[in-house]
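Dropping the structures in below, format is structure tokens.
Two complexes follow with chain A in common, the first pairing it with chain B and the second with chain C.
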Partner chain A sequence: MYVAVKGGEQAIDAAHAWLAEERRGDPSIAELTVPQIRAQLALAVNRVMAEGSLYDPDLAALAIKQARGDLIEAVFLIRAYRTTLPRLGSSRPIDTGRMAVIRRVSATFKDLPGGQVLGPTFDYTHRLLDFTLMAEGETPPAQTRPAVQPAGQGPVDVPHVTAFLNRDGLIQTEAASDTPPPDLTREPMELPAARPLRLQALTRGDEGFVLSLAYSTQRGYGRTHAFIGELRIGSVAVELEIPELGFAVEIGDIELTECETVNQFTGSKTEPPQFTRGYGLVFGQSERKAISMSLVDRALRWKELGEDFVGAPAQDEEFVLMHADNVQATGFLEHIKLPHYVDFQSELELIRRLRAEATAAQEAAE
Partner chain B sequence: MTAQDYNFAYLDEQTKRMIRRAILKGIAVPGYQVPFASREMPMPYGWGTGGVQVTAACLTPDDTLKVIDQGADDTTNAVSIRKFFQRTAGVAVTEATDQASIIQTRHRIPEAPLTEGQILVYQVPIPEPLRFLEPRETETRKMHELEEYGLMHVKLYEDIARHGTIATSYAYPVKVEGRYVMDPSPIPKFDNPKLSDSPAIQLFGAGREQRIYALPPYTQVVSLDFDDHPFVASKADHDCDLCGAGTSYLDEVITDDQGGRMFVCSDTDFCRARREAGHVGRLGTPAPSLEAAQ
Partner chain C sequence: MTLPPRADWMGLLARAKPDRLAQLFPDLPPHDLLRPAEIGAVMVQGRTGAVGQPFNLGEMTVTRCVLRLACGTVGHAHVQGRDKAHATRAAVLDALLQTDKALAVAASILAPLQSEEAARRAARAAKAAATRVEFFTLVRGEDQ
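Up next is the complex of A and B:
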């Protein structure tokens, strides 16, 4: 006798208990703490903050722990939490020119005001497994040298490379605007999107997706001839205007990666020959993402610069913006594992009928 | 997490107001897809976040909620969504279609006729009926504006030319009050006739795609077809093996590896009620409650 499958509720509860046990792993090994993740897996924490659109290293570390290291799942946890938070206000625009940089490199000028600062980068490490880490050897402290800014004077201005070019009129000027940017998380996406909305979508977009799109422009699918004018990482102050006080108060610092590309441009019907810009700004130390973002940003600007649409994916605003979000993408992708008995049944009947008709027609012909 | 940590039905009141406005607009313009600022819900996109947001915006403490997936109350995701609202809204829940004031569904319309005052909330994956003919939202919105549905008719015509029949068996497109072409969500086309002239309010929520649309009660909904190829609502050519119903939509269940199969009602509440009323199908046994009585 057939008994319909029941007990979904018990199965769900049991699955959750099993999942919790698997997350903890072997109990004879010390449990990973949230501060450890925050301090020692900082780049993962940064990615979760960037794609989760919430600057909170502690919660990001907690999400990584809860998600068993699945970063997209961690991003999802952060997003679902973020959406419940009230909006207290909007900060004043941050000033990356006053960033306390830990890293700042330009690929276009050998030296420049503010200097080149290599910073904590993987760039010139030899990718050899460090077995002392496996043996849990202590890392010797890094040498220190007087900082770029004289001690006790606070961060000096580190002017942007693109500003030097702009002074000579060699690079396209960005139009200043005081219009409040739209909020992707509070309004439905509307296309065509203005640049602030595009940048917002890119900065929280999936790192892998944005990387691949950027890479595709380098290989000729919408080539934009990008140089890294400047890549800088460091912390900037966030200021909030307090209406009762009538002035802005610093409420904290956030770490950011900013990338500005200088793109060769021979001019179009509407624009003279000049350098053009792509822009990337991402929470935390997230170089790959910031560079990718600036390349994709530049590729998406073909219309305003009077360039041709060559049909490259990275030029296609709707394609890029509608598919950049990994929480959306993974949800829709994975939902096909949910029951589809009903749809499949209707397809079965259709295929059987079509086959029967085709077979009958074939037999009639013979 | 306790229910007290969150607002009634999880969403904050501002968000519910925003969703209710979208619902009202949808009801005012039947079949039109209203953009709304869909929130990230604590369950993944694709699991019914649109339907959950619509349900959350409609729920009051006096409501009785029913949740089905594939017609069944006991599929895992239906269980999970029902539990979510029990936890966050504390509302009464039921499996009986006629007892529910709000029914959230995925892929089916219940067999039992709905009544005035009921709300049927559909979970929608892709709200745009033209999406697989034209991937760009910027284009399809224009097509709806201009009532330019030629592409859809060409697709249906090509189906007939190629297969002799319209090769769409679920998410079968409909026209609402002679104006908007609408995706009824991936319900089997068997359910399409129930969309039209329903006494209940029908609301459609697509979370990831940020769209809500609606059918007010007694709206005329016509499945697209041609005069010489009229729409036919089809189902498996069997009776339910548990309750013997000949008019309900059936799931096919594989019972062995020798080609054995049976057909059972996809609507579990409908099947249960019939069995409790004494109907027995080919492979069925009397309902447990009757068995106990004997």
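Up next is the complex of A and C:
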């Protein structure tokens, strides 16, 4: 029998009021503002934008404040807000070859045209706590140097490293097309998924999950021998076709991280020996995520490249795509803490009956 | 200043900081809103391997506005973010730039926006340039 119960409204109101007070914390300490979060916790903001799948640094900062720094809760808030927005259109595919790069490194070519640019990186820091940050010290300004442009190149034309390998036919080519991509925010995901759908799922997937899968491929579970052909961070213009006007206009700039891996490939029944590629592209400065995404992308391409399925989790499309989304995962996981009194009541009755039957059977045997 | 193509000035107005645009052009002339400023999202597309098939990367917030000046000229704007005043102001300027006041508007608004944007980009590029690695080859033992 299903019994509806009501109650707890006052308790819920009181819990939310206490939550608000706890969020504010000690009132003798200055309140954190949204612009402060946006400016000073920028990498948290980037992660919330990437996994929330909505580029808006102000809203991501607000979500982090509201969620008391719980980034998955913040992603949830952004996803919920996103569903209230009308879709005004779809951009032209962005051209990352025209990115205004602040960081660009290659692990495969030392002397790439345009040079290796470290940018504002944690690499090569000693990972020692910096107690001067606690003492509210002055930050020394960043150094500058006149930017030199390679002869004959515009200010923001930065060729991709993979294009050099492409010239020699040593790397698998990417066939350009203008097929409208599938959109998992509009259509339920169907498997098997084409690569564009997989990339959409990965770029909004949980960073920790995608990182662990990528790491598993490095440790041997579906090894793909990845090198970072190129990793770049910078801003790119977004262009939107305006139907009333009949031409495209730039509607803004977004910051992105892009990673292209070059993977060893000894050939298969269908493909000659050549380098193959994995691709990662993520909102914001999200380097770990972009590298992870490109490794997992490459692992998932086993079928089209004629490789063997060795049963590795990172090769298993259903396993990867159905578990990458942290809003879905947290929703299903956390719902089990909500009242299940009726379900549990039936479980309890079942166990009691089985025990009674077992005891009766035992007594009958004796 | 000569007038740039319309797509260029629309892009410049979209990328402008809303506060700066409001400072440069505080008072809007009379206009009729054909499509009042509306906040929405645009799906941003990337390409597999940077050059291949398009895929959906994620959405960005965008505000659009269409309006008509008293003279009948229609202005459009699509600007990143959720600032309705920014979109309305950009649409008014888009309309004005199609009238005989275009050159004056370009000189007083587009020119400063352009030079400030160029300065911002140059400052960022100069910081990046300072982190560019200069490799030097060490003399190897057998070369001596």
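Throughout what follows, the second predicted complex is superposed on the first by the 351 of 366 C-alpha atoms of A that agree within 3 Å, B and C clash if a C-alpha of one lies under 4 Å from a C-alpha of the other, contacts with A are read in each partner's own complex, and residues count from 1 in each chain.
The rule we apply is simple: contacts are C-beta pairs under 8 Å (C-beta built on N, C-alpha and C of every residue); 3 or more make two chains touch, one makes a residue touch a chain.
Values in this document were obtained by computation on a predicted structure and should not be read as measured data.
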Exercise for the section: Check whether A:Glu334 is in contact with chain B, with chain C, with both or with neither, and answer first, second, both or neither. Expected result: first
Practice task
Have a look at where A:Phe283 lands relative to chain B and chain C in the superposition and call it first, second, both or neither.
Solution key: second
Practice task
Please indicate which partner A:Arg82 is in contact with in the superposed arrangement: first for chain B, second for chain C, both, or neither.
Solution key: both
Problem - Which superposed partner A:Glu363 touches (first chain B, second chain C, both, neither) - result: neither
Practice task
Pick one for A:Asp58: touches chain B only (first), chain C only (second), both, or neither.
Solution key: second
Practice task
Look at A:Gly252 in the shared chain and tell me whether it touches chain B only, chain C only, both, or neither; answer first, second, both or neither.
Solution key: second
Fill in the blank from the handout: Of chain B and chain C, the partner touching more residues of chain A is C
Completion exercise
Interface residues of chain A shared by chain B and chain C, listed 82, 86, 185
Exercise for the section: Sort out for me which residues of chain A touch chain C in the complex. Expected result: 49-50, 53-56, 58-59, 82, 85-94, 96-97, 100-103, 110-111, 115-121, 142-148, 155, 160, 162, 174-185, 195-197, 199-200, 203-204, 237-238, 240, 242, 244-245, 247-254, 258, 260, 277, 279, 281, 283
Completion exercise
The chain B residues in contact with chain A across the complex are 6, 12, 35-42, 44-47, 49, 69-71, 74-80, 83, 107-108, 125, 136-138, 163-165, 167, 169-171, 186-190, 208, 210, 234-236, 241-242, 249-253, 255, 262, 264, 266, 268, 283, 285
Handout entry: Footprint of chain B on chain A - complex, ascending
Key = 1-2, 4-9, 11-12, 76, 79-80, 82-84, 86, 185-192, 318, 322, 327-328, 330-336, 338-343, 345-350, 353-354, 357
Problem - Residues of chain C that touch chain A when the two form their complex - result: 6-7, 10-11, 14-15, 38-62, 64, 66, 76, 78-82, 121-133, 135
